[in-house]
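Working notes, beginning with the structure itself.
Think of it as A, B and C in the order they're written, each chain with its own count starting at 1.
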């Protein structure tokens, strides 16, 4: 009898999540309140636990579980067909506050962990951009812009990449034929290709969904997906969750509200007051990622070089960095 | 047994995930340098149900960052009155080490003379772990959230009261309350105040978009009150200034269906070309037929020019 | 009968190749097969290991496969275009080269698309192109164009072959030719007996097909150019790309035909049919195309340089530093070289015209390389990476092996076709023979009157 109840519960949950009825705050709201109140320091600890999670069983045994193996809501699995529809009545937008970014790379790492990516595979990349020769460069986190006129979707010959009603552009790697036309069309270099087979692609413990991008497939294209699996649970995307500075705001344009987890603000107000802009606006791609200009920066540029040698090496060709090196600041 | 179904699903999913997980390793460890933390909380939720939650985690004394959530431990939730224990239900801890039980609105509780509900959570000892118990005493507070337009001013009115044994409403005072706007991913704090003499009123001057139907979800929260615990109340109201909906064109370059003219043009081009191919092939067949006829006839008349 | 004896003569002249295989040609064929086998091994590696064995990486996701694809497909389109023109306008010198052009067209159209398939990550999902087509995608257009063009070229090639098959069928009994070849001639000749109605009918449909082929070639060129010019990338997004590709394609096509003519003339001893005149005319056409192509190349780069958009400037900087010598080879030597040679009447000899054509071919291959690769190395968002192979493209041995395998496959198929059918269309020779006879008769008649 109990089992039956549980099963019913499962389907209920599925319906609940699929309908995107996230405004009804039952269990989710209450859990969040408790964890928020009781153990705020635990939140940060959770992130530090890394790939493996250790659990204690009542009989005193310790079970080690790979963190990526734990699918929180397997019953909310969205099939490739369903993932084409999008979460109803939503228009997702992201706002990245360049003034707060210090190249901590937590967004990159959080995203890689969430999507089971390798070290060099980055949906979120951090570039060092210099607008003009006099301006100091700034850190520029860049993911997929989820454009309203997506050049990548236009050119896809099979409809493997598609734009949904909720603004999100996804790739279905079960449909992708790997022609790479989308990669060449994207002016933001947002797409990466799986050049070879990897053992992790064979891990079928989670069914594939374009909403999670996991598991990947050889010879197909991947990119940032705005984490719709998390959005359906009322959670922020991995990058926004893991940013220690609250650089990345995310929200629904219909509600006109964005949040970085700590602070909730009005989207339109933020853009208007802070001079928000979109990258490469002149190309007409109509991105859904907005940037707040890097004015009154909170950190010195040098602070961003507290990263590993490999990452430091990436920026060596930026003239300003060469200058800093000469002065011995880096 | 009245328990929320969602709750169990959560655990089942964890169990399923663990079963699927191939690299799970079981090992015995020394638990002596871990101290167990057993925290019990209660929240009265918006639908007037009551959530009971236990967090059961072992912390390493030497390294605070090293923690061991207890997974699958059976937690009993009890309502205690004097020496009498009424079992409310039980549930197992998740991989985060939390166990939850949701008691619906019509749940009856045994209260003491002062109106306190005495709640207890208990973990019965095993070979490895000792018994854990925690108590909470809360009064059942009724929080009413009233959203109305008074003289075309959007007004949020909160009333808070308890009900005594005679069924009379007794207003309460000095309760700090937070008013939030609930959105998809977060809550936006729009006001804070204190309930005095059982009421708190706040005029909302700011306007918000709300969801696509123009609904705002307003919630009021009383956090960690010594007497009443956590209470949440929320309501939807048609106060939103609906954002203009951007509807995508169904026939564009990036949609599934192409602009109509593309279909027309492509069809014309292809038809034109392929009809010509067919025409050519028909003519070839005619040539072949003629050749076949000649072969059957005597060859004497066959000359060219 | 005059015509019958002429047919016999022609048969005698072209048939010997059908039986004998010399030691040299045996070595030559096994050499080609060896190259193809290496290519097949490279292909196997790419299929089993993934595209990691190529030099392609994120940023430069298309490499020399794409370059080969453009070159071969353009050669094919220009082959179709030229043979269409030759037939449609009754050009007098079609006799010598029409067959060669048509074979080039079909072969390069068979080999070219293989390179675009090599670019695909998931060959096993090729059928998705037809299961889930999106007609907004230039790739879909290209696929439709290529398939239609292959069908059209095959039909056209076959039409021009029919009278020759008839001659071969009628005379093959006289020689010791394998039975299956005889049978093949008989089937392919579809009972063509060269009667007046048959002849007129055949001429009529060949003429319409030649017109269609010209149109298809233009459409196919355009669609190919659009794959690049419809994106937002610097160096690609250009309104003149379609005509630029047509001119460049014709340029490479004519050069390729001249080189093939030279080789065929030399190795098949067809000096009688492929004469200096053909090279001379070919040289003049190549000269005109080189000037047009140079003009397009100049406007293309000049307007980018003059308007000086930031991203275009980055690209041009790259072309003039990292790709300096390639740029010189492709756009100075590759264009001015042929012009310099062909400009002088005295240099329009068989050898010099062929040399000019070889220069043109090498130049245009590098030009295509410079269109595809540097653009991909210059994205809007700067590449900030430490992995050299992700910043700059260098073809791996797998790609090079497969490129050579393509050339070898082309040569092999050309040789085999040359073994089965005459490389100079006998019926065209007969046609011109008849023409002259008619004129003679007419003149005789007038004189006698």
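Here is the rule we use: a contact is a pair of C-beta atoms (placed from the backbone, for glycine too) under 8 Å apart; a residue touches a chain by one contact, two chains touch by 3 or more.
Treat the numbers as computed from the prediction; the structure is a model and nothing was measured.
Centrality by Cα centroid goes to chain A.
Counting C-beta pairs in contact across A-B and across B-C gives the higher total for A-B. A straight line joining the Cα centres of chain A and chain C is 47 Å long.
Averaged C-alpha coordinates put the centre of chain A at 19 Å from the centre of chain B. With each centre defined as the average position of its C-alpha atoms, the distance from chain B to chain C rounds to 62 Å. Shared interface positions of chain A, i.e. residues touching 2 or more other chains, are given as 154, 159. Shared interface positions of chain B, i.e. residues touching 2 or more other chains, are given as 253-254, 256.
In chain C, 134, 136 are the positions where the chain touches two or more neighbouring chains simultaneously.
If you check the complex, the residues on chain A that touch chain B are 2, 5-6, 8-10, 12-13, 16, 22-23, 25-27, 29-31, 33-34, 37-39, 42, 45, 48, 53-66, 69-75, 89-91, 148-150, 153-154, 159, 162-163, 165, 205, 231, 234-236, 250-257, 259, 261, 264-266. Within the complex formed with chain C, the residues of chain B that make contact are 253-254, 256, 258-259, 262-263, 266, 269-270, 273-274, 276-277, 279-281, 283-284, 286-292, 294-295, 302-305. Interface of chain B with chain A (complex): residues 4-10, 12-14, 16-18, 20-29, 31, 39, 41, 43, 45-47, 51, 53, 55, 58, 64-65, 67-74, 95, 98, 100, 102, 126-129, 181-189, 208-212, 217, 219, 221, 223-224, 230, 232, 234, 236, 243, 245-246, 248, 253-256.
Listed in rising order, the residues of chain C touching chain B in the complex are 1, 3, 134-136, 144, 148, 151-152, 155, 159, 162, 190-198, 201-202, 204-205, 208-209, 212, 216, 219, 434. Across the complex, chain C meets chain A through its residues 49-52, 56-59, 61-62, 119-122, 125-126, 128-129, 131-134, 136-140, 143, 227, 230-233, 376, 379-387.
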